[in-house]
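Working notes, beginning with the structure itself.
Labels run A, B and C following the written order; every chain starts at residue 1.
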Amino acid sequence: MTKPLEVEGLGYQLPGTGKRETGNGRFLVRDVSFTVGAGETLVLLGRSGSGKTTTLKLINRLLEPTSGEVRVAGERAADLAVTRLRRRIGYVIQEVGLFPHFTVERNVGLVPQLEGWPPARIAARVRELLAMVGLDADTFVSRYPHELSGGQRQRVGVARALAADPLLLLLDEPFGALDPITRVELQLEFAALEGRLGKGMVFVTHDVREGLLLGSHIGLMLQGRLVFLGTPDEFRHSDHPECRAFMAAA
Amino acid sequence: MGGRGRWRAVQGGLCALAMVASLAACRSRDRIVVGSKNFTESDLLGEIVAQQIERRTALPVERRFHLGGTFVCHQAITSGQIDLYVEYTGTAYTAVLKHPPVADRDSVYRAVARDYAQRFGLAWGEPFGFSNTFAITVRRRDATRYGLRRISDLARVAPRWKAGFGYEFLERADGFRGLASVYGLRFAAPPTAMDLGLTYRALAEGKVDVIAGNSTDGQIQALDLVVLEDDRHYFPPYEAAPVIRQTALARHPEIAAAFAQLAGRISDAEMRRLNALADVEHRDIAAIARDWLRTSLP
Amino acid sequence: MQGFHGSGMSVWGFYARNAQEVLGLVGQHLYLVAISTGAAIVIGVPLGILLTRRPAWRGPVLGVANVFQTVPSLALFGFLIPLPFIGGIGATTAIVALVLYALLPIVRNTYEGVAGVDPAVREAGRGMGMTDWQLLTQVELPLGFGVILAGVRVATVVSVGTATIAAAIGAGGLGVYIFRGVAVVDDTLILAGALPAALMALAADGLLGVAERRFAWRGK
């Protein structure tokens, strides 16, 4: 059975070989390889600038890899049309990015609408998803983003990412902008949801506790390279200095 | 900036203010302000008069040319903003004094000289010797094709034609309205109004079919245009002469002698030649005036 | 009125006596403004959108539009007259000049409106698989519409005023009354032209302002 995500030797080098070019040919991501199976969550952990967000964007081609290969459900990402690829992948970002002029219903139903689902099917799916993320459908379908709290917005963001039932979900520090109490609340709910969904997920965070809670695997990145890949337990007991540093800060 | 800098700025401001005030006061009663209307011939005549005064008297002359149309200049001279400008007898007679048009040159001149003196305190000098009447002008090929020689002939083609006029001609009593009624001209649409200077171009380019230019314009020949004869004598004679405030003349009687030298010196043909130098050959107006004065006067 | 030079007739009397001519000139004026603003929108909005896709072009394009705005209107009319096709005396030249005048506010505001969309919204849209066209039509344009409308409002109000100068080159409109009045020092005539033009500008400003507020988006 093909895995939702396979990444091999992935690399991203900034353009510019001359002295005056910004970037100077620097590698933001170098030789990264991992796989994510159905029902697994790979947490990409690392400090700021370690390349974890860049890696995420290389998967759905918001940035184009300069080396290596990405395969989603067995198909090479580079071979697919970019929009087709992205519609198969759920994407959740820290700032959420809900469309302010769309109701919650239209926001959540965005990808189904782009894919041409019949309206009745979209409406039913939206209600189902809102329930899944803990929002009362009747109350929230016709609300606008500016009427929601931060936590409610990110729930809608997750619902939106799940709408077309993708087999892969990418999340970039989704709870980072929330207050501590709401953050914990959403982490716990998300942990419960993960098990039921059975999807492959890549979850970027710099919060080691969040990572240990939500990940089935941890990938630690440092200066663009993957310096650790293993289970949370292995991470806790690892001798690698960067792992120790993170565990000390936990 | 600090207090000291601010005081400096105030000082500077006061100085500037004082200079401006003194410059304004400097406008001594000893200068003559010459105006002109907003077309080439008026500028030329104004320049000739101005240079003549400079040659023959010790008076400094200030030029305020291209002011506007007849009424702007009339208002300027009656209010004292200018001391003199060149006007046309017919224009004064019908447009300013609002008399119905009359054909006799001398009676028109006498009437305006008398009325301007009585009503406005303005004196008329002797005419320069030419008449610049409104020239109802068409393209030569149209004149040939439709057999147009006189303005009466225009009535035949008017319903299919477009007319274009300057703003003053449209508004004046001796302008378009009277012309249309005397000659029975009915155009398909109301005339297109535009800046007078553009009407020749509009005619030459075919945007309009008939315009009211000036009979002494230099562009008539250059653009291969034909002037139609005023067979019903609708337009009064328009003789050009200098008009000056009586107070200015009384203060500086030497100006009268300067004027006298110019009387009768410019024929129709001569004015057309000078206009062509300016409008067709684009020579500098001050230079044209200077050359003319040098060669034509003792 | 001290200093008022006129035929003695009030402006209202003038309108009553010349109703048909007045309506004709108002119609001409509206025609000039409508056609030129319409053309400026058709050219300017796509151009503004293009600038958000090609940032390198922003400087040159806005620079050129800025030059046209800075040239005094009568001078611009004068420059255009000798040109073939779009020049000459009459409404065509006036419309070309008015279009050039209206371009800067429309192009710049379209750019600002589209570029001003929250980057997170744009990133989320792209990340979920919206094509550039879908992003533009479903997100960027609707969100930026209020700002674009503000640019149209400015362009329209400026056009109403500039169109009065078009009368100098034979394009008609309310400027005809103003020029005639200036030529014969008749303040009634001048007012007869200036009043409706001012009213037109105010009306355009008001109506488009209302529309603009309706479409303005608060918050992100």
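Following the convention adopted for this analysis, contacts are C-beta pairs under 8 Å (C-beta built on N, C-alpha and C of every residue); 3 or more make two chains touch, one makes a residue touch a chain.
Note that this is a predicted model, so its numbers are computed, not measured.
When every chain is represented by the mean of its C-alpha atoms, the one lying closest to the mean of all protein C-alpha atoms is C.
Distances between chain centres, each the mean of the C-alpha atoms, put A farthest from chain B. In terms of their C-alpha centroids, the spacing between chain A and chain C amounts to 47 Å. Centroids built from CA atoms put chain C at 36 Å from chain B.
The centroid of the Cα atoms in chain A and the matching centroid in chain B are 82 Å apart. Listing the residues of chain C that touch chain B in their complex gives 5, 21, 24, 81, 88-90, 167-170, 172, 176, 179-180, 182-186, 189.
Residue ranges of chain A in contact with chain C, taken from their complex: 60, 62, 82-89, 91, 93, 95-101, 110-111, 114, 145-146, 157, 160-161, 170. Interface residues of chain C facing chain A in the complex, by the touch rule stated above, are 118, 120-131, 134, 138-139, 142-143, 217-220. On chain B, the positions that touch chain C within their shared complex are 68-72, 74-75, 164, 166-168, 170-172, 190, 192-195, 198, 201-202, 205, 207-208.
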